[in-house]
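So, here come the structures, one by one.
There are two complexes below, and they share chain A, which is joined by chain B in the first and by chain C in the second.
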Partner chain A sequence: ENYHISWQDSRNRSETTLNNMPGADKETDLSERIEAFLADLKRGGSGTGPLRGSGEMARETTALLRRITAQARWSSAGDLMEIIRNEGRRMTAAQPSETTVGNMVRRVLKIIREEYARSRGSSEETDQQESLHKLLTSGGLSEENFRQHFASLKANVIEAINELLTELEGTTDNIAMQALEHIHSNEVIMTIGRSRTVEAFLKDAARKRKFHVIVAECAPFCQGHEMATSLSKAGIETTVIADAAIFAVMSRVNKVIIGTQTVLANGGLRAVNGTHTLALAAKHHSTPLIVCAPMFKLSPQFPNEEEIFHKFVSPHEVLPFTEGEILSKVNVHCPVFDYVPPELITLFISNIGGNAPSYIYRLMSELYHPEDHEL
Partner chain B sequence: MADCGEANGPERKNEIVRAKNEEKELTKEEKQRLRKEKKQQKKQKEKKDDKGSSEKSGREKTLDPLSASQVLSTQSPTQKVPASAPIPVPPSGAPSHSSGAPSHSSSGAPSPADKPAKSKAELKAERRARQEADRASKQQGSSSSSKTKAPASDLNPVVKRLPEHVQVDDPAVVKRLAKKLERQQIPLRSDYGYKVSLFSHLHQYSRKAPLTQLLSIPSSVIHPSIVRLGLQYSQGIVTGSNARSVALLHAFKQVIMDYSTPPNEELSRDLVNKLKPYISFLNQCRPLSASMGNAIKYIKKEISNIPSQYKEEEAKTKLLECIDKYIDEKVVLAAKAISKYAIEKISDGDVILVYGCSSLVNHILCEAFDKNRKFRVIVVDSRPRLEGREALRRLVQIGISCTYVLISALSYVLPEVSKVFLGAHALLANGYVMSRVGTSQIALVARAFNVPVLVCCETYKFCERVQTDSFVSNELDDPDELMVTRKGKTQLEDWHDLSTLGLLNLVYDVTPPDFVDLVITDLGMIPCTSVPVVLRVKNVDQ
Partner chain C sequence: MSSRGTKQKKGNVTNEQEEEDQPLQAVLIADSFNRRFFPISKDQPRALLPLANVAMIDYTLEFLTSTGVQETFVFCCWMSNKIKDHLLNSKWCRPTSPNVVHIITSDLYRSLGDVLRDVDAKTLVRNDFILVYGDVVSNIDVSQALQEHRHRRKVDKNISVMTMVFKESSPGHKSRCEEDDVIVAMDSKSKRVLHYQKTQGLKKLQFPMNIFQHGSDEFEIRHDLLDCHISICSPQVAELFTDNFDYQTRNDFVRGILVNEEILGNQIHLYVTNEGYGARVSNLQMYDSVSSDLVRRWVYPLTPEANFTDQRGQGCAHSRHNVYRGAGVSLGHGSQMEENVLIGRDTSIGANCHISNSIIGNYCTIGDNVVLDRAYIWNNVHISNKVKIHQSVVCDGVLVKEAVLLNKQCVLAYNVVIGPNMSLPEGTVVSMHHPEEEEDDDDDEFLSDDQVVGNSKDKTKQKAFNPAEVGSEGKGYIWKASLDEAEDEELAQCIWGLVLNPDPDSDSESEASDGSQDMGSRSVSPEMDDVKVFQLEVLGTLQRGEEENIGCDNLVLEINSLKYAYNITLKEVMQILTKVVLEYPFQQQGTKLSSSQYTVLLLPLLKKWSPVFKNYIKRAQDHLDCLSAVEELFLEQETHQTAMVKVLMNMYQLEILEEDAILKWFSAGATTDKSRQLRKNQGLQKFIQWLKEAEDESSEEGE
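Then we have the complex of A and B:
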């Protein structure tokens, strides 16, 4: 804590001196902000810091990247991309499970590439097409590109990032607007844990339709309880069930609507633990499984990378220290995420509309450049 | 009984009335009041619908007590001649309904003008003949008649009584239960909290309001060991199918030891009647499990089979022996047999997954460990009961290496599991496994990962009911148990204030037979679908 306060102090001091001496101080100010952001990331992931939604995380990352673009020293697009890539690597290393950070970095890199290409005059389509001819002949050219200096590049990039920010701010509303197309009256909808997107989705539908929601509480954090109280305060008939009863009540459910932490490159999900069971139960009863996920959650990761896929928190949540004698003789696991394969998912609803899981790879190629998949 | 129809209406009522004459607790006024209410109910039903009502009321009388007919058949030796043909005539004059049109016997009695006297004699004769036939067949011995009876009863439609505890949304049933409990002097437990509409047909009680608070002390009707047992059930101190049945049988042993036959009574009849209020009381504390139901049936049969020439002491010792034999055979020896079969299925290097705390599965694992099999165990647990911790303690004490996870982490642990062992609360006649909530989920995910699922169950838990989903017959536990306090905050604290919020705490669920690969019983290893075969074999044996 003392450490944090000293950072604050030095930041205040640097801000007051900012007006006096621009230039060098801007850089220290920038690096301080980055360090503070990294520290937040590290703390937030262990569940002890303030819990932030992915949307907030995405917006903060983008704002920080915009600041870097504005304040860092760079002369050509290549330099800027190097800087952003470095910062991006540090940010993802601080909290590997927070994939939205990496996604935003990749989006900004793609923006830079596009703006550069536009400034150079070459159209975007020719760059996109990865024909075999292009691969063989122009393999070496791409290295040199991005060295030219364009005066208006900075302003263009910042403008594009601003557009990205507005898009991010409107994602939840965009998704919620589609609610009435998918929910009819007298339905029983099931969900698990707490997702702000799904909450907004259901509340929007509840304005015009009457339906019933069953929330699985999702031990050990029991975020389903918060979701249920919030939904019932909005006037929706809600029931809270324990995780163990998911299959038992599934026969009466018409639709399953869930949120997720990440959408993977193959169309699968990395969602809160218990979601795989929910998806299997829905498949057994042929109940459609709908995932409400904004586009910034789409990540070019694949689920086979075992080391970075799973994240664990303190087993004290599962077997508390009060259990005493047996603690030392028992292995206790508390994984946070589950993998849901794409065969179990019926539909993705995102801010750009509804999509099948088989279409995700196309969306990814529109959002990120293949060379940025590995930061 | 398939031919019983309208002609048997007043007969039935006569029998019931006579049966009620036996119970010394009722006063004459009470009896008449009961009769009046019954007739009024019938009257209302008639007025609604002609044919339907006759069938219904006929059925009602056959249902209302199967016990009445039981009492009747044991009373056949001492038949009382209905002197003044106690056809109930309400003192408040004849509710002479304008029921000229429906000419059914159900209303025939109160309008004596219509029923000519000769039919009374006819009916009496018929009744006497039937009772002779019953007595004759009973004394002929069970072997011949049962063989002819068994196939006959399989084919005839059996009118089964729907248990009260799945009809809570029907006010008539609730009223009937309340009257029955009042008669037996047992307090009625009231439901608690907002019930989810899908389960409005089930009871939902609160742990904080046990039934014993409403009892007066000292209770004259209920034996103290039964009171203690009821409290242990309702507070969750004694849980688990085997534990509950064994505790029940021990309590009944205590009751039998303290029992003394009142004068002019036969032990075989009176003891069964004494046990009825106890069973109602225990049912109110916590609905009876299938194994307890089977145990009670066995005890009642044993008691009513006591020959009348036994002295009281002999009879009591015989009963105590029977109970001990039952426990020994059906629980202890069965567990040994099951572990013998199950250990064949455990090989070295296995990773075994178990769910919750099943005494049988724990026993199997302990035996396997004693026989030096090398395996490790993953214990899966779920909120709110967290029974897996008890299993974890027992296994760790013996020295088995264990891992512990919650049920939401199931997909994470399953890839390394080689077998799943599950316990059962009951096995239903259509092959479904009724067990703790969450078992079906484990079987589902195990099947998705191609892990074999083995269910271990003693034969005394086999049940003739059929069920396809977890809604129609289940138990709702106290909803407040779902609340949890994390970081000093309880999210659902004021769930009562939010009218649209409900908490659902299910206790059981049913697993379809296609998720289960093998059932290990004391008769051997059978597939799930062979349960009705075992039931038939058991019935023929007994």
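Then we have the complex of A and C:
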């Protein structure tokens, strides 16, 4: 029999090379991890894929970036930034709707810049933004500057990334801690869908105060149902309403508290479908709209970048596949996100405190370096 | 929310996988073993044909990888070099791939059965594995099914051999392949398959009663299932294929397992899901449906813009109304992309075009005033001005000249030139391969593909193109599927798939099967012939037995071997045997025998062959089946109904039939007017009376 087998066992191959040079193994391991992360991203962002919630996504990204810093081959800050920027580009391309990933890449780039500046013993980085002149001339020069080699840079950068990870761990708690300042006794609060941040926020307030929560179910995914179950288990008086009833019920509501997927550079939101309706109804009744959003959701993206703004998933939830014949006669769409303009938002509550939408630009410039907005 | 539910399930599975400790394996068959896609697949294997600008096999591999498969064996036969090249350059063969792909090629594979026998011979699989074809598109999370399968195998050691994944979708759904339409009877609790039958357009279907008589008390008979062609197999599946060398397809296997369930003790289970998407591109009709489902995002996250194959420049942008544009696409003034349109990289489209529900590949140029609707245009295609294309496939390198109209279901295979100024009628297939060369290289089609291509090029040069067929500047031949192919077991060999409209043909077919009703589990149409041939063979065997005075043991042996040769169920064997024996006198002496002559001839035969009967008639159900066969025969031979009593009496005395069974048959069996009439026969009633009395007496004696 003329069978002909070709074995493509890459694992075996990599194992043999590893015996010769241990460095190669590290790199294979690293790139395997990166590929696995990219594959996870492609199979759906938060909420639909193997990675849950954007908090987890942020931590995963940062941990991976830390690993890259530790294991990749680089000699100067410029090299490292180039590596991180490259991987970051691939990560954001894998799932453009998952802005958290890009945000974390920008945060790490900013860390590298700061650590480099500190190693050089200057505070140039902070000065740079103050002067319009420097902003204009910085382009070519800054890249040159990152070429200097510092032995301690790697350890410092990893240290700073660890700090960032600690900060990420605590975001939900930090936001929830502020709950008592905003929720008062016997208030009626409305929310939509399920946000882990809002859930923790409300539960924290429920430890001391009694209030009523109305949850809009957020069709077609109906995460609102889960939210309501979770809240009522925590002893909060909860009502579920259909999305269409939002306006009708709004007159009874004292406050609207929602989560979001992204806070955009203009102070607007990219949040789950139906949020715009809710925000408009709140505006009509002059009900304050509070957005619970940790800082890692702050993105330098503007709402006009249409192509990556939307995310359409399988129409299954809207009209099930089992319906049969009718599906060939209709077009069914299932978008996931809504845009909420900044003028409908009263207050942002982040892990570092409450801010008005008009202050977002300032937070943005503190978090990210302007050169990193475009990866 | 649904997705969260699956996530939790996934968590459990990983735990169990850790227990199992073995990597999950898959067998991917990158060959269809049929010529459905000829002449397109003459130049490119089906697994590499582009579906929404990505090779089909990439969807299958992505499905396997995302479901957690760590080792995949890809089996190739037809044009294996091309598949191998494709895979070696893909992301699946990069060292970072979580799914290790082994490519196994051989020219000797002719069916799924051959591949699995080879899997067994090489002992490639050590554990449960997933079996798919290279043209399956799916995003179903099969980890739940896998878990159920493993659980079943843990509880009953090695009873369940296969779990088939089906998707719920009501009849009439366009992604249901009509050829694959099945009716499945299953146990609702254990999900065990009791009966599996392709409907093939039939309106009447029969189920053997005995399948509902044991097991739990809840059954489902379902027609709302779409076969995803994904099966989770135990390692025994490969062994079973080795043991039964006549199994060629999964259908053979499923039928074989169900028929021999009592003997071998193997079971098949079903996993029905209503989430996710799964379909096999088995013909162009399905190609059309699956492509449009992909563009309409039913297979999310496997969407065109996701670029899951990670190929440079393959990415595209998604905008409203499901319009996808690759990099470097240019669109002329006044052109409209209405909805569900995918345009590949560096394709330019002229002015005032109207494009809807279409997929256009990379590097194409499309002229002005072109109308495309449900057109599937592959790479490097040039379409001139004023062309209209409706629901057609245009392969790589085709040149469509000015003012050509392609009506529905046309196929322009590789490098064809058409036009100018002509219209192709519905269903035209044009190829650079001359249809006659087909027969010539029939024999060497499984040799290396270079040679085939070389051959065909020489030949095509020899024959002139017919300008009436392909236009004055055209190049190509009208392709007609050769006739012997159409006669092949399934009529449905045509490229677009047989449209099984409820035409009078299929009606008569179903009635024919009603006529010869034997209450059997035999599924209709293709197997009909087997049953007939089997009956003739049994008759021949008995005749020889009579002439040469062969012992009953040997007769049983011969009948058993025939049974396996024709894949006949035990029940059918028994019924056919009864029928053949009872008809034997007519067969020998003609039908004009009187009843008394008939009985005189028959009774010695019955006596002689009673050991043969006893071999097959064992359980209570067998007795009833035999009786119904007797009844059926005498319903046909109305003049001989008086002989029936004698036959029954004789069979009773020879201890072929038990009195309980006869009484039960008499009291319960009547379903039609005729059979009720039959039971009013005086002789029969007396016989029954006598039986009853005998029974009473014996029971009294017992007391």
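As a working rule, the second predicted complex is superposed on the first by the 329 of 375 C-alpha atoms of A that agree within 3 Å, B and C clash if a C-alpha of one lies under 4 Å from a C-alpha of the other, contacts with A are read in each partner's own complex, and residues count from 1 in each chain.
Operating definition for what follows: a residue touches a chain if its C-beta (ideal position, glycine included) is under 8 Å from a C-beta of that chain, and two chains touch if they have at least 3 such contacts.
Model, not experiment: these values are computed from the prediction.
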{"item": "Chain B versus chain C as contact partner of A:27, first or second or both or neither", "value": "neither"}
{"item": "Contacts of A:339 with chain B and chain C, given as first, second, both or neither", "value": "first"}
{"item": "Chain B versus chain C as contact partner of A:281, first or second or both or neither", "value": "first"}
{"item": "Partner chain in contact with A:323 - chain B first, chain C second, else both or neither", "value": "both"}
{"item": "Partner chain in contact with A:235 - chain B first, chain C second, else both or neither", "value": "first"}
{"item": "Which of chain B and chain C A:163 touches, first, second, both or neither", "value": "neither"}
{"item": "Partner chain(s) touched by A:226 [first = chain B, second = chain C, both, neither]", "value": "both"}
{"item": "First (chain B), second (chain C), both or neither touched by A:331", "value": "both"}
{"item": "Contacts of A:181 with chain B and chain C, given as first, second, both or neither", "value": "neither"}
{"item": "Overlap of the chain B and chain C footprints on chain A, listed as residue numbers", "value": "221-222, 225-226, 310, 323, 331-334"}
{"item": "Residues of chain A defined as touching chain B within the complex", "value": "217-222, 225-226, 228-229, 232-233, 235-249, 251-252, 273-274, 276-277, 280-281, 284, 310, 318-319, 323, 326, 329-335, 338-339"}
{"item": "Interfacial residue positions of chain C with respect to chain A in the complex", "value": "1-4, 7, 10, 65-66, 84, 87-88, 93-98, 100-108, 118, 167-174, 224, 274-275, 277, 296-301, 306-308, 310, 315, 317-322, 339-340"}
{"item": "Chain A residues touching chain C - in the complex, by the definition given at the top", "value": "1-11, 13-14, 28, 31-32, 34-36, 38-39, 42-44, 47-50, 52, 93, 194, 221-223, 225-226, 306-307, 310, 312-317, 320-325, 327-328, 331-334"}
{"item": "Residues of chain B touching chain A in the complex", "value": "196, 198, 382-384, 389, 392-393, 396, 401-413, 436-438, 440-441, 444-445, 448, 469-471, 482-484, 486, 491-492, 495, 498, 500-506, 509-510"}
